[in-house]
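Letters A, B, C and D name the chains as they come in the text, with residue numbers starting at 1 for each one.
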């Protein structure tokens, strides 16, 4: 842990408020019918906000931004493997009725 | 002693050809590597206790060769297999449709005339046969080695399997997906008959069963499907005339082909793929229909394929939209 | 055997086996070498159980109607054979026994990074194993090792719940082992032990650990969901509630296909150690063998749905997965070609581990090549769920993984126990295994093409001839397994003292006592040589000049 | 690798025998935790996969079922959990700069917030029980619901309980770890040189927070318009 990097409490508090704003935003976004603009927009927005929030937590609360490369590689790998599972599996279901 | 089963369907020759091709390629590599290992083993055996080998660390050109050559050969195998598989997964239009239901531990089948059989299946030679299969409990698999075909029979889904028998005779069929205690005896015989014999057999066997289409038509009224799905397209739901095998435009803009699986899904999970221009108002019928009833409804919807398609309110996409 | 340096006839005065005494000193040990031995005993136990089931299965199948056991019992036998062998023998075998013992020695560390977690993972294995044995003892398990829903979650009447829990728990043992290996390989390497000086055994275990870490949790959660469906009647895959049983298969194979590579990659690592040692020659194409291990681990995650071509999976998905399956064959082929080339101009001896290694190449070749048949979409329509599949994966798992395991045990036995086994007997056993194995499983390829489905307690009489051949082979195979168990046990007490480096080999593990100290090395070693370099190693006592001095330049990497 | 002077003798201080240096030990511990968390991602991932498929098959019923969960409680819980992540992050900071009292205070705050989360979760579960929304126990989605609606709603609630249940289980484990941390910090064990346990448990706690960040919109916020 050359990542004995000390993050200032100010940053933590700023991140906390950003997370709060995002939480309120996501609740608000769910009450608006975005699907009429584009089918599935509601869930896309909800997941985009969640991903943004998760990134803030990983990068700052968990010091991902200040971590050694191999730690960052572990993070990327876990997300990548999750994506393999989700996308490859759904690729089956989505294409079943294609002609 | 035979090394391969009888070739009794249109798929048998092509599957066997794939077998021969891949065996030949593999045999070449297996023999080459084994010969090299044995040759080196004797040629370079240790002569003195302290001897060491020549310190060769590798050769880039060789690595490239044995990366690329097997890759190209593998691609030919893939391509050959893909051609047969795509043919297998795309039944032709003019099939004789037979409904098959698997349950622990027996097979029930129903001819288009309504004639039912258990652990038996009669089909005419030279005719394209399509089995539309559902399971009442666990996953089964309908497999006929002499035809080189098999397909899982999955609860909650339709799977279809097609073949064209090429030789009259009796052929074993098996359950190939492990399904519990009597899995090994869940099988029977496919009897392939001359068309005339088949017709005679059909008419000779007296059957009190209504044909699936008739049974389906009755259900269509009983379950009040006909109150929304009006044939003239003026109902709350699209007309089903001509829908089967047609392209359906969905609310999200995509198009699907209305095959057996789509019809089934629309009965059980109607709001998963709603036709463009309609509201998701249809209730689902999951748990309220037996597999046989769903099959009958499907058969009825399919029988509407030849009915005139209304100008508006059709489930099928307008020709230009394909 | 070419015993070169005078070995002496005394074991070192102090080593990990006699450092402390008593049951407690074993059950509470954090020494990776002792934990490896604990695993050795427990996986052998499960191998014996699984092997016994296999024996009964083969005897039952001698006749078409199989009068020996009832259908229920037969179904339980093959299920329990699979569960015991796959989850409790094959998956932990090489990593938890040889990997545990050797990785710290090979990289010059005192222990794994987390010795207590290492011990914990053995206890988790025991708890998982206990649950599974409980399931076997109280009604057995008849779902097939694949636990397909809804058979397992709704319909089966056997003791599914404890078995599912057992496999679930056991998953954490694998995860912790993989975690320990990854961290150890990253942070515990001795000075000078760069990544490209690592023995290929370590590379193979690194790749295996990737699968442990990223695959095992998926089967854990999948089995947990299936278990909840059964125990608490929740609904996830249950078609009666509108769930999709095929989703279970997707999740199951997301792990269970890579799990095949968990079994075979470490065996490939063993072979990559044995061949240079007994050919006295650097391995051919080090970077390609190391890289192909990683490639197999990664691409192996993209191919799982080739187990599902006939489930009604989308034809597009089937095409994609078939193509990707062919890709994963390439790195395996690269390994075989490189091993074979390593023999070229070597100084090859016929010692037992080498016999296993060469046997491995032959059997793995058959197993791997028959995989090409099954990855072929058109051919899989016919071969899926037949004995062809059984033969194929036994060639990979028994012909490959078990040959690698037994070969590795022989190769490092002098290091583990400090003693040699009777060489002549060991060679006989190796040949017996090879012959018995082929006789057992080759006929099953033909059976499969003839169309005999798997998991059948009775079969049409036309299949009998090949079944009889298979059963005959199985009895020879059994002798091939019993022999090593007997003479290896015997040699622990009566074998000749081996000395530090009997073969001799180049790895760091051979630079310390046999058996090693608890701390592995007197002083932390410094590595100044490349992997498998016999030329610049005067300490091995070999006749360096015997190698023609002008070898091709150190060309590849 | 570390220089000769840096190497310490066996088993002195907090250095475990298998390591050569404190630096190596810290790096190993941190890497180990991250690798463990990557395992956890895939562990929860299996449930997210099941969720994705079932929701895409039954979008309407998932929406209907989602609307029956108490949004206020869910939102409050989200805020509570994120706040606990903040206090956890602050404890890591406190231990890094050697403010021992502050460390204990922040750890206790984290534990309290975590417990509040679990308490609210308990209230929610109780509500579900009263409403007959627990599959396998007393499930009856709503009066007059068709067989099929009931079945598909069970898929949603099964996932709801499995996902939030396993998440809560992780919280309980985390709370246990926090109690241990508080005990040790009261002994003054953590210093700027040795704060590994605080760092690691902090990572774990944040991870559990992240899982919730995804669970919240997926379970509570389907079609709330």
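Just a few scattered comments:
Here, contacts are C-beta pairs under 8 Å (C-beta built on N, C-alpha and C of every residue); 3 or more make two chains touch, one makes a residue touch a chain.
Note that the structure is a prediction, hence the values are computed from the model and not measured.
Think of each touching pair as a link: the shortest run of links from chain B to chain C has 1 of them.
Remark: chain A and chain C have CA centroids separated by 37 Å (rounded to whole angstrom). One inter-chain figure worth recording: chain A and chain D are separated by 16 Å, centre to centre, where each centre is the mean of the chain's CA atoms. Chain A and chain B, compared by their mean Cα positions, are separated by 40 Å. Chain contacts: chain D has residues 27, 31, 35, 38, 42, 45-46, 49, 53, 56-58, 148, 151-152 touching two or more partner chains. Listed for chain B are residues 261, 268-269, 284, 286-287, each touching two or more other chains. Shown for chain C are the residues in touch with two or more other chains, namely 186, 214, 218, 240, 242-244, 247, 250-251, 312, 315.
Arrangement of the chains shown, judged by which pairs touch: all-to-all, with no pair of chains left without contact. Residues 70, 77-78, 81, 84-85, 88-89, 91-96, 98 of chain A are the ones touching chain C in the complex.
Against chain D, the residues of chain A that register as touching in their complex are 1, 3-4, 6-9, 12-13, 15-16, 19-20, 23, 26-27, 30-33, 35, 42-43, 46-47, 49-50, 53-54, 57-58, 60-62, 67-68, 70-71, 74-75, 77-79, 81-82, 85-86, 89-90, 93. Against chain B, in their complex, chain C makes its touches with residues 2, 4, 71-72, 75, 142, 144, 148, 150-151, 154-156, 239-240, 242-246, 279-282, 284-288, 309-312, 315, 318-319, 322-323, 326-327, 329-330, 333-334, 336-338, 340-341, 343-350, 358, 361-362, 365-366, 369-370, 372-373, 375-382, 384-386, 446, 449-451, 453-460, 465, 533-535, 541-544, 546-548, 551-552, 554-557. Residues 1, 16-20, 24, 27-28, 31-32, 35-36, 38-40, 42-47, 49-50, 53-54, 57-58, 135-137, 148, 151-152, 154-155, 158-159, 161-162 of chain D are the ones that touch chain C when the two sit in their complex.
Of all residues in chain A, only 39-40, 96-99 touch chain B in the complex they form.
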